[in-house]
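In the two complexes below, subunit A is the common chain; its partner is subunit B in one and subunit C in the other.
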Partner chain A sequence: MASLVERFGGGLATILIGLVAVWLVAMVLAPNLMMIDYALRPNLPPAAIGGPDDVYSLDNITYLAQESVHRTIFFKTVWASALVALATFVVCYPLAFWLAQNATPNQTAVVLIALTVPFWINEVLRTLAWYILLAFRGPLNALLLSVGIIDEPVRWYGNGGVLAGMIYAYILFMLFPIYNSIESLDKSQLEAARDLGASTLRIHRRIVIPHAKAGIATGCVFTFMLAAGSYVAPALLGAPGSRWFTEIIYNWFFEGGDWNRGAAYALVLLVLCLLVVLLALRIARVNLADVAK
Partner chain B sequence: MSHSVELTNVGMTFGATRAVGDVSFAVEAGEFFSILGPSGCGKTTILRMIAGFLQPTEGRIAIGGRDMSGLGPNQRPTAMIFQSLALFPLMPVWENIAFGLEARGASKAERRAKADDLLKLIALEGFGDRMPGELSGGQRQRVAIARALAVEPQVLLLDEPLSALDLKLRQHMRAELRALQKRTGVTFIYITHDQSEALAMSDRVAVMSAGVLQQVGAPRDLYESPRTPFVASFVGETNAISGTVVEVSDTVATIDTAHGRMSGRSGEGLKSGGTARLYVRPEALVPGLDVENRLTATIERSDFEGAFALLHGRLADGSPLVASVGNTALAEAPGPGESAAFGFETRHAVVLADG
Partner chain C sequence: MRWNAEAIPRFLFALYMGAFFLYLFAPLAVMGAATFNASRFPTVTPWRGTTLEWFAALAKDGAMWQALWTSFVVAFFVVAVALPVGTAAALVLTSLHARARSLLYALMVSPLLTPGVVIGIATLVLWRRVGVGGGVFLIVVAQASFIICYVMLMIAARLQRFDRTQEEAALGLGASKFMVFRRVLLPFLRPALYAAGVLAVLQSIENYNTTLFVRGFDTPLTVYIATKVRTGLTPAVNALALIMIAATVIGAIAYEVARRRQTRRG
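Right after this comes the complex of A and B.
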């Protein structure tokens, strides 16, 4: 703070600190506190708010614990998000490695532009593109039928569709951290390992992945959090059997009209995601500061 | 002794650039062989071709009599020590050393035992559980050597591994490398641009320039009997006096120069009437020596180096002349501003055709 004053002078420094404080309080702290407040109160008609029934309780949260369908969807969302993170990692790692170690600068530029351009379009529209691709009478089924891989069209909407949509949506969040961390690996280490007789698999397991661990953890944390909080992909590409927990939260807010229960559900999701992330980082022995970088 | 590594007409072309052209030499088993040349001369390319990181576009490379065409670095009986050393920073020292054995499927006990043996060899006993980052430059150097020796290679390839060390440590590591090579009997192929390093350590040295092999020989041969102008001027300091050949025999050549007629041992391809240069080392120039070969220069400055001093002077036509005078003869040596005559023996000079 002292260095801010030194660099910008007292007036400007006060304005900058003030803006950051306003942003933190109004945009981050207040909404979350309001959500916690909502989550802990019962859903009452307007007239009863502030009345004798308006007391804090854990009822909304225990409701989720007792409601078996919601509970199942909740845990499924958590593990399916982990699966999305894993699948995205599997897709991104070879590409990140190739970009960081083998590609020429021109190839890197072309691939990065090709990957980034679709993200200039709104997420809903991008997911709609997958909706079209994966349709029962859509191009993917037509292609697979004509090549002869399948005999009759496949219903892609559901778990497979959601997985594909999410991997696509979060690919950059996984790719860039891994790319950055592999890029800093000295090529001669790979050559030394190869020279000492190591197989490709061993080189990756012993040299590349340990080196890129922080980047991989960052990518996985991003992807996991985004997947767990995702709404568009499950809503468009899902099927009744592949409901996502965010859809239930949405329903409480906008169809059930029970903001309190919706807030409680959202709070539980937030807390559990945080716990999963912290646990995963502890297991991978990466600290939070490395991820923040 | 058998050939350990043999290159036959090896060439390497990258796109339109010819990095190495038509190089042939053979390294004997158990030899300390250096490849010396300025940066960009193709020496690293040759080393990487021997290691298997590059496949030559022409010619063949054999190791232990076996053709290496198409074999990758993990299939060759070579181990490389990289300029950056390329130790694995996230593994403790012993795992670094045993990495090659790990890749060969050795058990943990076996690997640990071998790593401890090698740590003893490089005088780093008890350092096995440290991380590479906790070692000094010289210690890291030795760990890199141990890691390469762990796979029991026939040939150890060293890519300027001492260049990052400071002078004192570098001199110490030279002696250590040399001793280690003699003790293990492994063939060393050592790349360097530092001629004193190559001359001090090697059994034989190959001098390269612009992708072409200039001369292969024992360090003294290269210094005393250079066969090309490049070797004469790159290996050690020298004075070059240009002139026209007037007389050539098998052993002695005489040229006419702007500073008079002088002779030296004759190189290859000299023709009477052709242009040539006479190369004479600073230490062969003796002030006041009364012989036929004489050069007169005005001394500009004298650089005292301890054991000797270098006298920098100019000849009558303005070209520089460097003479070295031993410490014990310094009292009689000419000082700055004086004009002095230097004489040199015919057997201490070489005449080579301009290439």
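Right after this comes the complex of A and C.
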């Protein structure tokens, strides 16, 4: 604080601190605390708010534990998001390695620009593109039918569609952190390993992946979090059998009319994501400053 | 090519690259091509004849233009909030001592690690308590709360390369502290401010998860498009997507050409 005043003078320092305080208190902390407050209170008619029934309890959260459909969807969202992160990693890793180690600077520039093109248009349009491609009477089925791979159209909407759409949406969040971390790996290490007779698989397992683990952890954490909190991909590409936890939350707010229960579910989602972040950071021995790069 | 031990992995890698970029661009190609199909539903199979009618349909879609306008209004205010606050956050952060810094840093990046729907919900419930419902105002508040993080990170990255002796020199020459800020620090940050501004606009216009919960009765573009899927999708939406893709490709090529010219100049 003192150094801030010394550097910018009292007036400007006050403005800077004021802006940051408004952001962190009114836009970050207060909303989350209010969400916890909602989550712990019962859903009451306006007249009963503040009355004898308006007490804190864990009822809204234990409701989630008891309601078997919601509980199943919650756990399914967790493991499906982990699957999305894993699949996105598998899809991105070879390209990230090639970009960081083998590509010429111009190749890298062209590929990076090609990669960003789908990402300047928004997530809804990206998902819409998959919605059109995967339609029951859509181009993918038509192509596979005409080639003779399938005999009758496949219903892609559902788990498969959601997976394809999510991997597509989060490629960059996985690719860039891994690319950045592999880029700092010295080529001579790879050459030394190869000269000493290591196989390609072994080089990746023993040298590249340990070196890039911060980037890999970052990519996986972001992808998991984005997948678990995604609404548009399951809403457009899902089927009744592939509902996502965010859809349940949305229904509590805008169809079920129980904001307290919705807030409790959102709180559970938030806690889950924070736990995953902390766990991943602990496993990869990375700190937060590296993640946000 | 000579048949050697390298050939098989090289072939596999080429196959992977082909599959990767097919995966990346096939959906966009199909979405773009469907714009020209005379079918009511956007698809390329069956092809019912080539037409430009969907561009005309897009031009006449008043609700879509209204939604686009709403998105621009939101983006404008998000930038107006996020640039000053993000810059302030970066300055405050770099002026602190190590221990306080890491705590504040964790708090400042926490919105990036919060699912978008949770940000929307938390903002919604807080403001309902004070009697403010969803709408453009809440969309701006909710989006800014995490877009500020991106601005903060970009400005902080630029600040790391700032040479503080420039400030001392200006002070030594008799400039006031405010003048140093305005004439030395801000001009140094300008490229990062532009970049952060562009990123903030893009993040704001593309946002859906957070916006969905705080939109009230206002309909920004992403919400409008998603609603269309339920209420009757026509290739007019594809025409819009195609225009956005074309603008992006042109922008990306222009950027790359400019970059190469710059590197050649050295």
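Everything below uses one rule, namely that the second predicted complex is superposed on the first by the 274 of 293 C-alpha atoms of A that agree within 3 Å, B and C clash if a C-alpha of one lies under 4 Å from a C-alpha of the other, contacts with A are read in each partner's own complex, and residues count from 1 in each chain.
The rule is short, and it goes like this: contacts are C-beta pairs under 8 Å (C-beta built on N, C-alpha and C of every residue); 3 or more make two chains touch, one makes a residue touch a chain.
All figures in this text were calculated on a predicted structure; none of them were measured in a lab.
> Kindly classify A:R202 by the partners it touches after superposition: subunit B alone (first), subunit C alone (second), both, or neither?
first
> With both complexes superposed on chain A, which partner does A:Y63 reach: first (subunit B), second (subunit C), both or neither?
Neither partner.
> If you tally the residues of subunit A touched by each partner, is the higher count for subunit B or for subunit C?
Higher number of touched subunit A residues: C.
> Using the touch rule from the top, collect the residues of subunit C that touch subunit A in their complex.
The touching residues are 9, 13, 16-17, 20-21, 23-28, 30-31, 34, 41-46, 84-85, 88-89, 91-92, 95-96, 102, 105-119, 121-126, 128-129, 141, 144-145, 148-149, 153, 167, 176-178, 181, 202, 205-209, 212-213, 221-222, 225-226, 229, 233, 237-238, 241, 244-245, 248-249, 251-253, 255-256, 259-260.
> Would you pull the subunit A residues touching subunit B in the complex into a rising list?
Where subunit A meets subunit B, its residues are 186, 188-189, 191-199, 202, 206-207, 210-211.
> Looking at the complex, which residues from subunit A come into contact with subunit C?
3-4, 7-9, 11-12, 15-17, 19-20, 22-24, 27-32, 34-35, 37-38, 91, 94-95, 98, 106, 109-110, 113-118, 120-126, 128-133, 135, 137-139, 142-143, 168, 171, 200, 221, 225-226, 228-232, 235-236, 246, 249-250, 253, 259, 262-263, 266-267, 269-270, 273-274, 277, 288-289, 291-293
> Across the complex, what residues on subunit B touch subunit A?
So the residues of subunit B touching subunit A come out as 51-53, 72-74, 78-80, 82-84, 86, 88, 90-91, 99-100, 102-104, 147-148, 151.
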